[in-house]
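The following pair of complexes shares a single chain, subunit A, combined with subunit B in the former and subunit C in the latter.
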Partner chain A sequence: MSTIKLDNVTKCFGQTKALDGVSVVFEENKIYGLLGRNGAGKSTLLNVISNRLFPTSGEVTIDGIRVFENDYALSKIFCMSDKNLYPDTMKVKEIFEITKLYYPEFDMNYAQKLSHDFGLNINKKIKGLSTGYNSIYKIILALSSGAPIVFFDEPVLGLDANHRELFYKALIDKYSEKPATYVISTHLIEEASDIIERVVILKEGKLILDEDTETVLAGGYAVSGPATAVDEFCKGKELLGQDVLGGLKTAYIKGKIRAEELPENLELSKPDLQKLFIQLTN
Partner chain B sequence: MLTRLTPAFKMHFKSTAKSVIVFYIVMLAMFLLDLIVSLVLSDGQKSEVSGTEVISAIFFWVLGITCFKMNLKMAFANCVSRKTEFISTMLSSAVYAFIMVFLNAGIAFLFSTISTTDFVFDQMYANYAFANGFIKFLTWFLYEFLSLLSLFAAGYFIGALYYRMNKGLKITVSVGVPAILLIGMPIAAGIFGPDSLFVKAIISCMDFLTRTIANPYGAILLSLCVLAICGVFTFLLIRKAPIKEQ
Partner chain C sequence: MMTFNFDDEKPIYIQLAEGIEDAVLSGAFPEETQIPSTTEISVGYKINPATALKGVNLLVENGVLYKKRGVGMFVATGAVEKIREKRKQAFFDAYVKALVLEAQKLKITKEDVIGMIEKGFLK
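This part shows the complex of A and B:
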């Protein structure tokens, strides 16, 4: 079991409320997308869960055990951070060996295989790695850790398209082979939406959405066409947002629609997760 | 409760090993230099070397200062609790202090073969009457071990203090403390005069310290107190230490 429960967690930095009464449950063996705009509180949330920061109020538990300074609960988590927490002069393979000490389930062979696939030289020192390869070695650590709960905080920072594709594939393969709870905090929503099972969205420190991806996507639709026709169609409906381009308009509407309800000069499409996210957090 | 103490201890022990090895390689290099010098001085003169343990004590103190931030960040990286991090660091430093006592003795012995050299302990307590050889050895060991460990703890405490301070406070302490000690206090002593309470208080403190360390057991007790105080304050600083951007 590896269920994380946050109960009314608030985190303040001076006058700034980074998290405001967040209550959420991360169930075991699911891939979560933790989404939010810059400064929404995503990294703070992950840091609070992994005991790197202390909540101002509220409680975090894993399988009912308080996380606060509890090695047993914390041993279930691996948190891949966008920050560099290892000495610059350390080599990648040394970091693999250190991680193996802390995480006995760490799969060294798999880490070496992934390093080869990503083209990472594990004999290189951290300070000699580019931004992309800095993210890559941390991704490899996270995927190889064997922990039942793995956090990815901006995993694809600096990665090119090929490496991003490789990361998503490796994550899915790993998840299929050995299910675990993965929480991915990312700004590249469109790319990650294919693998995210459940969406958690933060806005200004508050939780505004916690639903299955399928439900979120099924909860709205987009209509596009001439602006006047779209405006006419949207009357009386709950509008999530709209995009205008010259005389054309695309409106994002909450709810369901039957194809026969749509006027002939309008086009119906499903909003993607990124569009819905933008409308929800604007 | 402290389920990750063993891996944390192993990690600290491994990561410190390189620094300690390099230090003693440098010490050996100094010995070789002394050997060359003594060979060059072929008129039978011996060079004088003393206080090699002091160098290792300073090294261990600096190690304490520098390891705090690095160790804490690695603890964050591997989701280790702060108390486990603190205990494992102190345990690994105790093991190294134990090893270094004998390494220092070995280095001093090497130097003694070609130079006139003395342990600081022998220099300070040459006239102290120990009950027997074993008691003297035990006292020497405790003195050396606790000196090293207390200096590491003091350095670790300074490292923790600096980690918890903001930028402004760091600058204030870095500039202020030496300024007070080197400039402020002599000026104050000059202003208040030798018979003032301020000057008398300072002299009393110095007297107390001198009298304490005049006795090897006093020095051991002083080291224990420094270790305990620095340990407690470091734990208080680390227990709520947050992750920082840099």
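This part shows the complex of A and C:
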């Protein structure tokens, strides 16, 4: 078991509430997308769960056990972030060996295979790596860690299109072979949206959405046409947001709309996850 | 191999199921042959394994595919006929209704539409 539960978690930095009463459950062996604009609290959330930050109030538990200074809970989490936690004079292969000490399930053969696939020279020192390879060696650590809970905080930072594709495929492959709870925090929503089973969205430290990706996509519609007709149609409906271009308007609506109830001069379409995200977090 | 774009408005598992159906119709996956595993499908198309499983299970329920324990997923005998029958029913809703609606919007007469359809068949 490895279920993460946050109960009314608040984290303050001085006057700023980076997390504001967040309650959410990350269920075992699901792939989550943790989304939010810059400064929404995504990294703070991951850091609170992995005990790198203490919550100001509220509680984080893994399988009912508090994570606060608890080795059992922490041994279950591998947290990949853009931060470098090792001296930059260390070689990649030395970091693999150190990680093996902390994560006994670390798969050295798999790490070496992935390094080869990504074209990463493991004899190189960290300080000699490009931005892309700095992300890549951490991706490899995370995928090889064997931890039942893995956080990816902006995993594809600086990766070219080929390497991003390789990462998503490696992630699905690993997940199929050995399921784990993956929480992926990313700004590149479109390319990750087909992989994510459940979406968690933060806005200004608050949880504003926690739903299955399929439900989110099924529950949002875009209606476009002459502005006055769109306004008339939207009366009494839950509006997420709108785009205006001259006399034309596109309104984003929450809930189900049947094509039959639509006036002739309006067009119905389905916005993708990224468009819905923009409307929800604007 | 299956080709489909995931920009469609339908849920991905339904698009996947339709993509496999298309491959069966085109003969890419003949009856009584094995199709790729759900892992191969989810890795190949970068979709969540749970989604891939849902799409494949839909076709198992419809009798298009069947599972051989420990071996994999196979196309059932009679699958092509089954899919054609189902698609014919959906054809009216998806194409004819939309065609009439668009024709009305553009003020194309019924006679003109029929003429166009006939022309389409000549090509």
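The rule is simple: the second predicted complex is superposed on the first by the 257 of 282 C-alpha atoms of A that agree within 3 Å, B and C clash if a C-alpha of one lies under 4 Å from a C-alpha of the other, contacts with A are read in each partner's own complex, and residues count from 1 in each chain.
Here is the rule we go by: a residue touches a chain if its C-beta (ideal position, glycine included) is under 8 Å from a C-beta of that chain, and two chains touch if they have at least 3 such contacts.
Quick caveat: nothing in here was measured; it's all calculated off a predicted structure.
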Once subunit A from each complex is brought into register, does subunit C clash with subunit B or fit beside it?
-> fit
Subunit B, subunit C and vertex subunit A (Cα centres) - angle in steps of 10° = 150
Please work out whether A:E165 is in contact with subunit B alone, subunit C alone, both, or neither, and reply first, second, both or neither.
-> second
So, A:S269: does it touch subunit B (first), subunit C (second), both, or neither?
-> second
Could you tell me if A:L217 is touching subunit B, subunit C, both of them or neither one (first, second, both, neither)?
-> second
Which of the two partners, first being subunit B and second being subunit C, lies in contact with A:D173: first, second, both, or neither?
-> second
With the two structures laid over each other on chain A, which partner does A:E261 touch: subunit B (first), subunit C (second), both, or neither?
-> neither
Minimum Cα separation between subunit B and subunit C after superposition, in Å, equals 27
Subunit A partner contacts - residues on subunit B that touch it in the complex | 1-5, 7-8, 10-11, 14-15, 70, 73-74, 76-84, 239-240, 242-243, 245
What does subunit A use to touch subunit C in their complex?
-> 31, 165, 168-169, 172-173, 175-177, 191, 194-197, 213-214, 217-218, 264, 269-270, 272
Touch list for subunit C against partner subunit A, complex | 6-7, 9, 11-13, 38-39, 42-51, 105
Interface residues, subunit A side, partner subunit B - complex = 47, 50-54, 69-72, 74-75, 77-79, 81, 83, 85-87, 98-99, 101-103
